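Across the two complexes that follow, chain A remains constant while its partner is chain B and subsequently chain C.
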Partner chain A sequence: MIRALHMRLLYSLALLPSALLLALAGSAVAVDVQDDEQFVPILIYRTGPFAAGGSGIMGGFEDYMSLLNERDGGLDGVKLVWEECETAYNTDRGIECYERLKNKGKYGAPVMHPLSTGITYALIERATRDKIPIVSLGYGRTDATDGTVFPYIFPLITNYWSQSTAKIRYIASREGGEDKLKGLKIVNLHLKHPYGIETIPILDVMAEKFGFEVTHLPVPWPGIDQKSLWLLIKRIKPDWVINRNWGVSCTVPLREAARIGFSREKILGVWWCGSEEDVVPAGKAAIGYISTNFHGVGRDFPVIQDILEHVYGKMMGNISSTRVGSVYYNRGIIFGIVTMEAMRLAHTKYGNRPIGGQEMQWALENLDITESRIEEIGATGLISPLKTSWRDHEGGGKVLIQQWNGTKWVRISDWIEPYADLVRDMIKKSAAKYAKDKGITPRTKPEEGI
Partner chain B sequence: MVDEFWFAMEVLISGLLQGFMYSLVAIGFVLIIKSSGVFNFAQGSMCLFAALGFVSFWEAGLNFWVALGLALVMMIVLAVVIERVVLRPLVARPPLILFMATIGLAFLLEGLAQALWGTQPHGLELGIPDSPLEGLPVDISQFELFAAAISLLLVLALVIFFHRTRVGRALRAVSDDHEAAMSVGISLQMMWGITWAIAGGVALVAGIMWGTRLGVQYSLTLIVLKALAVLILGGFNSITGAVVAGLIIGGSEKLVEVYLNIIFGIGGVESFFAYALAMFVLLFRPYGLFGDEIIDRV
Partner chain C sequence: MIFRENGQYAATYAKDMRIFRLREDRVAVAVLLVVAFVVVPLVANDYWLSSIFTLFLIFSLAALGLNLLTGYCGQLSLGHAAFMAVGAYAAFNFAVRLETPVLFNFIGAGLVTAAAGFVFALPSLRIKGFYLAVTTLSAQFFIEWLFVSFSWFSAGSMMGAIDTPPMRILGWAVETPRDKYLLTLGVVTVLALLAKNLTRGEIGRSWMAIRDLDVAAEIMGVRLFPYKLLAFAVSSFYAGVAGALYAFCYLGSVEVTAFELALSFRLLGMVIIGGLGTIMGSFLGAGFIVLLPIFISITVAAFATRGLTDFLSNLELIVFGGLIIFFLIVEPYGLARLWHTTKEKLRLWPFPY
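Let's turn to the complex of A and B:
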């Protein structure tokens, strides 16, 4: 009897950490949504290898909504409520989260941010059928930019192909002009994953157009050992290396480059390899490394200061205040601004009440976030102007370049335009192929298919 | 031609040095299998837990050696708790049950580590440059040489411990036959506790070495991926096997990855080559290169 009690006590002790974890994950508890409240689903990953990105981005997004609730009494008077669902960056769990949250609230989920290219791909047909817009801001399927074929998918602000062309434009500027691209050697070090291979076609087209040589080197998941790839890079002797990885596989190349003496100033990372979490673990090896981004970094923006005052000042912040102003956090603020501006636009048409998926789709296709509106929000320099249409679900395409100086990211370029014509042509072709394969008749006007 | 030769040598040497890093992780598995027959699925999580603890103590301002000692004590306490809470209630259960328990343990440790110390990656600099030694025809990283030396020292210490000490011999007795060992007065619980504590120490060393390369972050749990292939190839209960197999896998996979790419333009084979090699060897040596052949009386 005593032994049984003893064992029970020990098992209880063993369960304590689990209970602690559940308590810490209190924000993942299901919320009750009143009819007059705007529900926003949050697909997040606070666990697993990419937890720093998931918690940082969605932490920023939630803080922005908290700001609107605390400072303004909600969005146009409509209180914002949200519920987290942990995907752990797994596609199957992402779909489960989508299904769990899509009907929540009086009008259902107005939008989904999958925060994963894999989950985005898996949701394209499902969300289109359910008429719930998928916003894959800075990730996802590039040809979904074509709204005639993908009415409910929005790779907003800038897609991977725009980014890739902007990278080449930047390299050209560093080399002394587009004509200097001819003969350059560029290695595309990419994760062997749908996200990783997404930019191979555009780089090949650019290589042919400008006469540079591109070598695609796949990084097997999880990319913690890239030694042989860097031995190959040493042999190739490239002028530039594109770092298209994610998570720890972004960090490894910086160490390997240092080991073979390859300049970090000639490694140009995708924006998913351009956070503090990617460079801090590499230590001194990361100094000089450059990456793209599609938003500003740091705290010197009125909107961030408002969050510190109204959210963190009231001890309501979602993550550690030391992360406020970091790359991932600010990206979450961008997610918040774009989503809330779309809802605000929907209010002008449908009234100040909770918004549903179809209404949000209209708003996302008619977004026009101008420089003056950005100034009103307090985000000048944080986000570039954005204008979408029913044909164009990207709405911008501009990127900027930042460099790690050992302690922080420093912006080193102005907004860089993509080669828009080139990207548009490729998107058109790719989307048309998708439509043909899936038997989709592209829309010819905005109302169709909605 | 000379350049080609030195390039091939560099690929091979880099692979061998990487092999030592694989071995560091594999040794942790071997220790527990040797003493209890349990395949510890949580070894990678223990590496994460140990390294995160160490780096957090260090970042809190403690002296390096104090932080290291504290992390070691933490792993010993963890080993005792695991023995009391997870293993003891499962004595005499089939190995599969114990294996399942370690799966649960892995998730628990990962969650606990992140809850205690957060999800942010930490940089870890030991002060050993990860740059090539000068004056050699090939680039050999000083840090990798250091890691290889640490691996060899660890192996040497463990071999001496297992063969030259009373506790080591008792552990081997437990490994050979639990019941016979118990019948001569060896405490099974005590031996398991000691083994898990040593495995915790090895996890700390492996976590620090890998953490210096990758940063101390959740991805440290993934370092076991290659260690499993090393285990299969070297034999599940051989420390020497773990080192030799680590070298074979490290060297061969780098050569295959590099030269398949150069000759045929095929890349990304490194992730599965180690397993293919291990499976091939198993056809001829079912217990691995150095594993003990299990003979059951019927």
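Let's turn to the complex of A and C:
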């Protein structure tokens, strides 16, 4: 008995320090960044419930950087290197990853993509102090669009509020004009979750402006059972249903709508409910379902053909090649294009060398991706033009509508412009509250470059 | 030889009753505190201070709170993450609405959370075990729902998020990771000593009696209801302070999803792996659950090469899960028990028995 105890103790005591030693050894030999190489941190989740999004998006981002390395020999001749850190969509781990990667390379991390709204929130204060821009593309904190209060946070292309106004503009175009919105019944089926409730105020404001009737139906997390809600929707008889869910709760409404006979062509999803992973499990019930997006889908773009040739052709792809061209993957390409274009702009000002956080912030505030530049990249139709300023950290991106035809997403609309002025007022108000809580004095002029 | 009790006599009652009776223990604790308060802030960089030590301390405190309830009083709770949320939101409201001093906010947050814990503990006299666990689960869902539904709690934020205001204690601006680490460490030290003391006294002994067999405890004259309520209240107090520290010293801006059900399970995991009914176990358990995955992930990242990343991400989970199973098989009573056994051995060392 005592001997057994002895052995148990020995095993455990031997294991703990060896695990620690291994960890220390590991930290010593982690990816080495040369002084003339551009380091890019990658916060990713390949595990956990949202792994499809994490691996798809960051896989696309990494492949785009591989493309630049392989085809062009780096960005303006500066070789790109990156290191992954697994966050598992967990806020603590995200912060740890941020702290782990922020000082890599001679100039430190130029930018971070947290890829999670929770991590974005938690990094606002840290990143502002460390002067590292946080880019949350298509997610994150909407009021951070106000660059006067959030100098280092960039919810680029379009935020959730802009997206919601674009949805209403699309509905108006389908109904035959803005005046036809009057009297329409719209159900906002949203997760009972900070991300889900975020668009309630903007929808209310628009309902008042255009005279339609909006009913907010909360879906309890995680939203697997929505039967009773759809019975309610059957009673309300709405003209449109907005599907603002995430993960599995995106798919459930499609099946429920099929059951009560509600047309899927009248269900309009948020872009986090608009990937292949969201519709395939619903099978036939998903056919005709439409969702917003802020980028094109499919492989018919020169830039993606180049990736297939230069990256997957050399067996250097990050994920399974069948996923190339999927919604999440293309979103990652957008992440790559926006980040690399900002770096390219920084090169024009600071020279062709690795870029640091403050320089990147200048570049992100002066970003101007024009139609002709997009054509040069080979991404026409994949991304809409973008122009930021030190006040506007969103850049006025546009939204498009796509429809699921049973096998793939098909783009069915032109680029749709959000109602920018409507959104701007609300953002100002919300950002002012943040400034007051945090004791921040909003900037009155752009930061001097360094 | 190293731990020698002989020769250490307690000549007065006061000496007999002090927290650490053995000289060796006192020295060890003193050294630990000096290292934590002086050496670590001087030596560690921002990465270690902010994302390792501060996080570790905060979760240790939360685990400690849960350990008081589960380990000492034998009542299971699956709602401790929500109680942390109550603490965070309460501290935020004190700070923003009343603009009270920082330390008062933390204590106030603890008290508000204690009240919340008290309310959810009311059924604990009638129901036990798994059934009680389910009522605490309802606390988790109710509190999350509350903070998402009513923006009053987040002072009107449309996403139910709170943005913690800057902290200042008697002219000391708590800004850098080092400041935040020291503040957290101070709070955790005081509360840990308090807990250690609490468990040695009448209250702690009554809790343990209830844990071991409530009928027997009742027959011996321990009134179950007040002590169970007290255990919930004290435990929630600790969770609330931990939640406030989590929001103010670690996250900065928080939304309620930071306190989701998964965190409750992680806290329970810390307590079980660390050792039920030990103060030290709470710290060891928090270290195991919070820090080990980070170390594994750093190790794994070192071997990351193109094409293998997918597998390596999952390797972290595999290794971590394997270690949990290993330790639970080797030492079902938790890591604190390992330390205890080591101490027993050191007492006799170098003689085997």
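Criterion: the second predicted complex is superposed on the first by the 416 of 450 C-alpha atoms of A that agree within 3 Å, B and C clash if a C-alpha of one lies under 4 Å from a C-alpha of the other, contacts with A are read in each partner's own complex, and residues count from 1 in each chain.
Everything below uses one rule, namely that a contact is a pair of C-beta atoms (placed from the backbone, for glycine too) under 8 Å apart; a residue touches a chain by one contact, two chains touch by 3 or more.
Note that the structure is predicted; figures quoted are calculated from it, not measured.
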item: Which superposed partner A:Ser55 touches (first chain B, second chain C, both, neither); value: both
item: First, second, both or neither for A:Ile224, with chain B first and chain C second; value: first
item: Touched partner set for A:Thr47, first chain B, second chain C, both or neither; value: both
item: Residue contacts with chain A in the superposition, chain B compared against chain C; value: C
item: Touched partner set for A:Lys192, first chain B, second chain C, both or neither; value: both
item: Chain B versus chain C as contact partner of A:Pro201, first or second or both or neither; value: second
item: Partner chain in contact with A:Val280 - chain B first, chain C second, else both or neither; value: first
item: First (chain B), second (chain C), both or neither touched by A:Arg126; value: second
item: Chain B versus chain C as contact partner of A:Lys349, first or second or both or neither; value: neither
item: Which superposed partner A:Lys182 touches (first chain B, second chain C, both, neither); value: neither
item: Overlap of chain C and chain B interfaces on chain A (superposed complexes); value: 11, 13, 20, 46-47, 55, 192, 221
item: Parts of chain B lying in touch with chain A, wherever the complex brings them together; value: 7, 10-11, 14-15, 18, 84-86, 89, 108, 110-112, 114-115, 118-125, 130-132, 139, 141, 210, 213-219, 221-223, 225-226, 253-254, 257-258, 261-262, 267-272
item: Residues of chain A touching chain B in the complex; value: 7, 10-11, 13-14, 17-18, 20-21, 24, 46-49, 51-52, 55, 192, 217-222, 224-225, 227-229, 231-232, 234-235, 247-248, 251-252, 255, 258-261, 277, 280-285, 320, 323
item: Parts of chain C lying in touch with chain A, wherever the complex brings them together; value: 46-47, 50-52, 55, 96, 144-145, 148-149, 155-161, 163-166, 175, 250-258, 290, 292-304, 306, 309-310, 313-314, 316-317, 323, 326-327, 330-331, 338, 341-342, 345, 353
item: List of chain A residues in touch with chain C within their complex; value: 2, 5-6, 8-9, 11-13, 15, 19-20, 22-23, 25-31, 44, 46-47, 55, 83-86, 91-93, 95-96, 98-100, 103, 117-118, 121-122, 124-126, 129, 141-142, 192-195, 197-198, 200-201, 221, 316, 318-319, 430, 433-434, 437-439
